[in-house]
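I'd like to ask some things about the structure below.
Naming follows writing order (A, B, C, D, E, F and G), and every chain is counted from residue 1.
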Amino acid sequence: MQSTVQHQMMGYDRSSTMFSPDGRLLQAEYAKKSVRRAATSLGIVCKDGVVLLAHKIVFDKLMIPGFSSEKIFQVDDHIGASATGFLMDARMLIERAQLIAQQHTVTFDAPIDVLSIVKDIANMKQAYTQFGGARPFGVSFLFGGVDDAGSQLFVTDVTGIYFGYKATAIGEHELPIKEFFEKKYKDNLSLDQGIKLGIEAFKKVMDKEFDASKIEGAIVDAKTRTFRRLDKGEIQ
Amino acid sequence: MQSTVQHQMMGYDRSSTMFSPDGRLLQAEYAKKSVRRAATSLGIVCKDGVVLLAHKIVFDKLMIPGFSSEKIFQVDDHIGASATGFLMDARMLIERAQLIAQQHTVTFDAPIDVLSIVKDIANMKQAYTQFGGARPFGVSFLFGGVDDAGSQLFVTDVTGIYFGYKATAIGEHELPIKEFFEKKYKDNLSLDQGIKLGIEAFKKVMDKEFDASKIEGAIVDAKTRTFRRLDKGEIQ
Amino acid sequence: MQSTVQHQMMGYDRSSTMFSPDGRLLQAEYAKKSVRRAATSLGIVCKDGVVLLAHKIVFDKLMIPGFSSEKIFQVDDHIGASATGFLMDARMLIERAQLIAQQHTVTFDAPIDVLSIVKDIANMKQAYTQFGGARPFGVSFLFGGVDDAGSQLFVTDVTGIYFGYKATAIGEHELPIKEFFEKKYKDNLSLDQGIKLGIEAFKKVMDKEFDASKIEGAIVDAKTRTFRRLDKGEIQ
Amino acid sequence: MQSTVQHQMMGYDRSSTMFSPDGRLLQAEYAKKSVRRAATSLGIVCKDGVVLLAHKIVFDKLMIPGFSSEKIFQVDDHIGASATGFLMDARMLIERAQLIAQQHTVTFDAPIDVLSIVKDIANMKQAYTQFGGARPFGVSFLFGGVDDAGSQLFVTDVTGIYFGYKATAIGEHELPIKEFFEKKYKDNLSLDQGIKLGIEAFKKVMDKEFDASKIEGAIVDAKTRTFRRLDKGEIQ
Amino acid sequence: MQSTVQHQMMGYDRSSTMFSPDGRLLQAEYAKKSVRRAATSLGIVCKDGVVLLAHKIVFDKLMIPGFSSEKIFQVDDHIGASATGFLMDARMLIERAQLIAQQHTVTFDAPIDVLSIVKDIANMKQAYTQFGGARPFGVSFLFGGVDDAGSQLFVTDVTGIYFGYKATAIGEHELPIKEFFEKKYKDNLSLDQGIKLGIEAFKKVMDKEFDASKIEGAIVDAKTRTFRRLDKGEIQ
Amino acid sequence: MQSTVQHQMMGYDRSSTMFSPDGRLLQAEYAKKSVRRAATSLGIVCKDGVVLLAHKIVFDKLMIPGFSSEKIFQVDDHIGASATGFLMDARMLIERAQLIAQQHTVTFDAPIDVLSIVKDIANMKQAYTQFGGARPFGVSFLFGGVDDAGSQLFVTDVTGIYFGYKATAIGEHELPIKEFFEKKYKDNLSLDQGIKLGIEAFKKVMDKEFDASKIEGAIVDAKTRTFRRLDKGEIQ
Amino acid sequence: MQSTVQHQMMGYDRSSTMFSPDGRLLQAEYAKKSVRRAATSLGIVCKDGVVLLAHKIVFDKLMIPGFSSEKIFQVDDHIGASATGFLMDARMLIERAQLIAQQHTVTFDAPIDVLSIVKDIANMKQAYTQFGGARPFGVSFLFGGVDDAGSQLFVTDVTGIYFGYKATAIGEHELPIKEFFEKKYKDNLSLDQGIKLGIEAFKKVMDKEFDASKIEGAIVDAKTRTFRRLDKGEIQ
């Protein structure tokens, strides 16, 4: 059995178009690391909607939040997303998601369902792990939305797999926050309780580094089926 | 005669477009390993339909099964498939299979036969073992379906070969389950007996690791020619 | 004069687009080895048709022969083929041959002659030994058929050369079976005698490994000009 | 953990289409260095508009400023930009921005908003960090403009991320000028005060190397929503 | 001055798109070697037509000559060709020549002249010595034909140069046969004398290895301007 | 900090599509050297037009000047250019400039302005520093012309940057001639005084190597707005 | 300063798309060597036309000169060319030149001028020194022709530069023949005197190797503006 270092020396990790001798896709695994190194996003399904919260690492005093590359995006009236990883990659994929949602509305005169958006983005990501000439996308998403199937939360990873969750996180604090949720999450949380649970999760894992002003958030309300960004007050 | 390690040192395994000096396709062989490492799927032909069962390794308590990247897919009313290997690759191929099935129905006003779907997917896989610029697909399938030729079960491997079986398995437990089936499989099993035989196979080879809640399943009923997912109760 | 190993060290064998310093095409030679390693096919021209027989190495008890990747294919009513090498490559080329045969029938309202099919497949194979971006096809064929020129048997090798034969073999037992045929073959064999001669050849070279249940076969009947698969009984 | 030098030795930094084993994009990081090495640009949002100032390193006595590759560009009536990095790359992107602005005016009979221009340029930049066959753009921009959302200042970096700022700088003196602004910047500066603050910033960080004749500048006036280059007198 | 081995070590011989430091095209030179290693073809201009003779190395007792990859081809009614080198490459080029000849006949209602065919094939060959993505053609031809300019014999080499000859040879025995012809060839030979001279040449250079049954031949008759294959009797 | 030699060893300078770790474009820097090694061109803006002078290194006694690859080109009636570097590259770009100028005249019924030509050529040059598959252009230009903005002189370098000048030089003697001009150049020179100043510059820096017969020259007259080549007498 | 050998070791000479660190194009320089190694061509402008003479190295006794790859080509009624270097490359470019000349005649009902042909061929050659995927053309030409500008002689080198000459040579004896012409050439030579001067030049530099039968020649007559090949008698 050869070690990863040997596989690196022999170049199995230089291209998306290559399997390593043990059947792994090393470029895709490296892209996952770019997500593991990035600031955390989390999402929580509540009885009356979905909560998305994101932690920002880049932060200058003279920066204007609402007009900078965001981590939380509105995809459609009823769908939001939070990105962790390379934000320029996130924006490309989100613009695609927005377009697909609009086209669906125009074509069928009805809002797109959340899972269709998730599958389309996952397909784009898969293609970039198989074909040469480009690198995989270095970003994971939490998609939160409300449709006829109810309030929903999905993760799409860098390879093009997706999972539905009741509550989860992506990024550097993924594992401790998931453990936290496995203990504390309950069905039938209200949106306010959901926001509070999310902030608690960040506080728990970041301890002294926690800074509420670095958290951005949004909810999708189940009743109105509308996306709304949280203001500073709501988060604190 | 040179060893595999020598062939690796000399780079015969870096591209789908190269034969090794002994006439092997090493990238395709590596892709097969990604299937051998992945959680097992099995299928059983019964007198009144086909059974597909799949074991999932990824599993979080807050994950929502029906809304995550699945291992078992519905291809058409009368055809299902279970994937083992890279699930993002599986989804790409299954979406193609679904489209081909739909087009057939629209064009000929009759459901497509199972073997045509199998051949089309096998052809796609072959192409990715011969042309440069992309890697082979890292996924094998069990296709189970019912058409005028009766209940059928096929395996398509990563290189584009396919085989018809009465009962078989793909993935990490492939060999012991095949041995188990060679001893225990009988013609004229009912679907219920088939499900039971499959669960027994998993129990036998996984021993203490067996966890019924990690098994997903589906059947294609020979009488109605319809695909139906099994619920937790039926599996346990 | 440099050795083959030196040429391998210097990379002359990494691409179809390169000659070695002594004017050889090493990728094409490696592809030939994939045929030499594969289970044998043989063909025999008889006075009343052509016999094709193939030995299968892969064999599971629960496998269903007629529904698995075959070694013997029907190309058209009056033409069959037996493949040795990578069977996924075989299927791609045979599907092309089938299409070309159909198009000829539709266009000219007459069946295509065997040699035209042979030349077309040989041309496809040649192209893949000259152009980059893909590997050569790793498969040889025996084409057997009946047209106005009578019963005919052709071999197409991996490079795109073809030869007409009265009786020959391809694959791991190619040489001893050819020697056997040079001694035993006679003109004016009946189809039954041809089948018997072929089975004898397999028995002779495989000795104890011979297993009639692993042989598949087909004939093209000269009178009816039709392809017909042999059943187990006829082979045994 | 491997060092950057090791990753360089192993070639992870030779192409935009590769992640390093720790999930970084090294070509994009190198492109950022071309900005860090280049002469500084700064921008300041004032109550009655936006100020852009740029320091030029190349300077010949017989050069004619208005007719040379500029660092400050007019994108549209109401939008200006200052570039730091490779000026030939800047001009390509600015010509695209000018075209997009014109097309918007022609299509909608209204000026484009500043953020739309920023996002389009950021998208172009992202693509060049993901696809092979070309290098990333080696230039950052300050976009300053006035639209219905008020006076605005954006930075787009080489990777395709953008940020809104009240006052900031890019290039070799980026960090000290940002610190200077964090102390000295106040809301409700007049344009004249803004220009003065910018010049002070340059003086502070460049000390004896400061040379007013090497500074070029422009403002976008909030009332008239028009871009205007500053003449020598205004700067001194 | 560097040696060829040094140039090989440094990779100047890996692609058709590269000159070596001394201005040579090494891939083209290697392709020439594939001709020098191959069985000899010869041609002789006679007063009443042209003779083409070819020696075959591959020969099985059960092979059927007229239905195997030939070395001598009919290009048009009045033009034949004999190939030495890779016969699969020969067939590709000859099929092109046949097509061009047919198109000429259809378009101008007159047979194409021999030199036009020769130039077209030479151009194809040149292109493959200059462009990347494919290897040069590894085959030389003798084109023999009769048109208004009389009986003619041309050689096209692998690089795309052609020469007119009265009598010449290509392949492993090229040099001794050319010497033989320089001594023995006379103008105004009859076709029968030409065939005899050619057979003598083969006998002379091959000595004990000479085997008349391995020689194939054809003539183009000057009076009828028609290509005709020689039968065994005529050759012996 | 790594040295340039280290960066060369590691291959950062092999392609236009790569940044070095310190953010430099080494292929573009090498292309600049091909200009620095080439014979000098100079240009001078006068009150009644623009002067272009160029020194030729290649010179045979039997060469016919007006019919050889020139260093000074007429782009349009009112625009000339002098090239330094690879003259075959110069001619490609000048033919493009000539075409663009003609198309402008035909489309708008008015001569193109000098800056538009300069920007178009600069854009072409930029593209070749960013995209793979071709090398950058190895040539700099002096564009001299007269339009409604008056008499103008521009330099375009190999990377796609341009500068306006009153008087400047490109090529091996660039620096000493620029110094010379900074001392001696005055506004309001007549064209005759301009030619004299340029010849003096060449004499000064080339000393004994100066040879008036190796200088070619042209003016664009401000009054008539026409390009005119200088004859030998005017230069001496 | 690095040596050429160091640049070769580091691979700066492997592709047309790369500059060496000192700004040279090594592939183009190697292509020039293929001309320097090839047999010489010379041209002489006379008062009543232009003379082209070429020395052939390849020569077999049974070769038929007028029907072999020539070194001297007729481009149009009034234009000839002599090639030195790879003759297969020459033929490709000359066929292009012939086509361009014909198209001009058809379109404008007047013969093309010599310089236009020269520029077109030079442009083709330039492109092959800048773009990847093919090697530069390994051939130089002497174009001799007569048009309204009189009798003219041009050289196009492998890089795409051209020069007008009164008399010059290309190939292995280029330098001594140019020296010879600088001493002996006079204006107002008759065509007969020109042929004689050219033969003398060959005799002088080749000494004992001179063989009049290996010289081919042609003239373009100024009065009739027609190309005519010289016969053996005229040359001797």
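As a working rule, contacts are C-beta pairs under 8 Å (C-beta built on N, C-alpha and C of every residue); 3 or more make two chains touch, one makes a residue touch a chain.
Because the structure is predicted, anything quoted here is derived from the model rather than measured.
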Next on the checklist: Quick check for you: after a Cα superposition of chain D on chain E, what is the rotation angle, between 0 and 180°, in steps of 5?
Outcome noted: 155
Item to check | Distance from chain G to chain B - Cα centre to Cα centre, in angstrom | outcome: 66
Checklist outcome for this item: Taking each chain's centre as the mean of its CA atoms, chain A sits from chain B at a distance in Å of 30
Checklist outcome for this item: CA centroids of chain C and chain G: separation to the nearest Å works out as 53
Checklist entry - Which residue numbers or ranges of chain D touch two or more of the other chains? => result 11, 16, 132-133
Item to check | Graph class of chain-chain contacts, one of line, ring, star, complete, other | outcome: ring
Item to check | Round-the-ring chain order [start: chain A; next: chain B] | outcome: A, B, C, E, G, F, D
Checklist entry - In the complex formed with chain E, which residues of chain C make contact? => result 10-12, 16-25, 115, 119, 122-123, 125-127, 129-133, 152, 154, 159-168, 178, 181-182, 185
Checklist entry - Hey, which residues of chain C end up touching chain B in the complex? => result 8-9, 11, 13-16, 26-27, 30-37, 58, 60-69, 86-89, 91-92, 95, 132-138
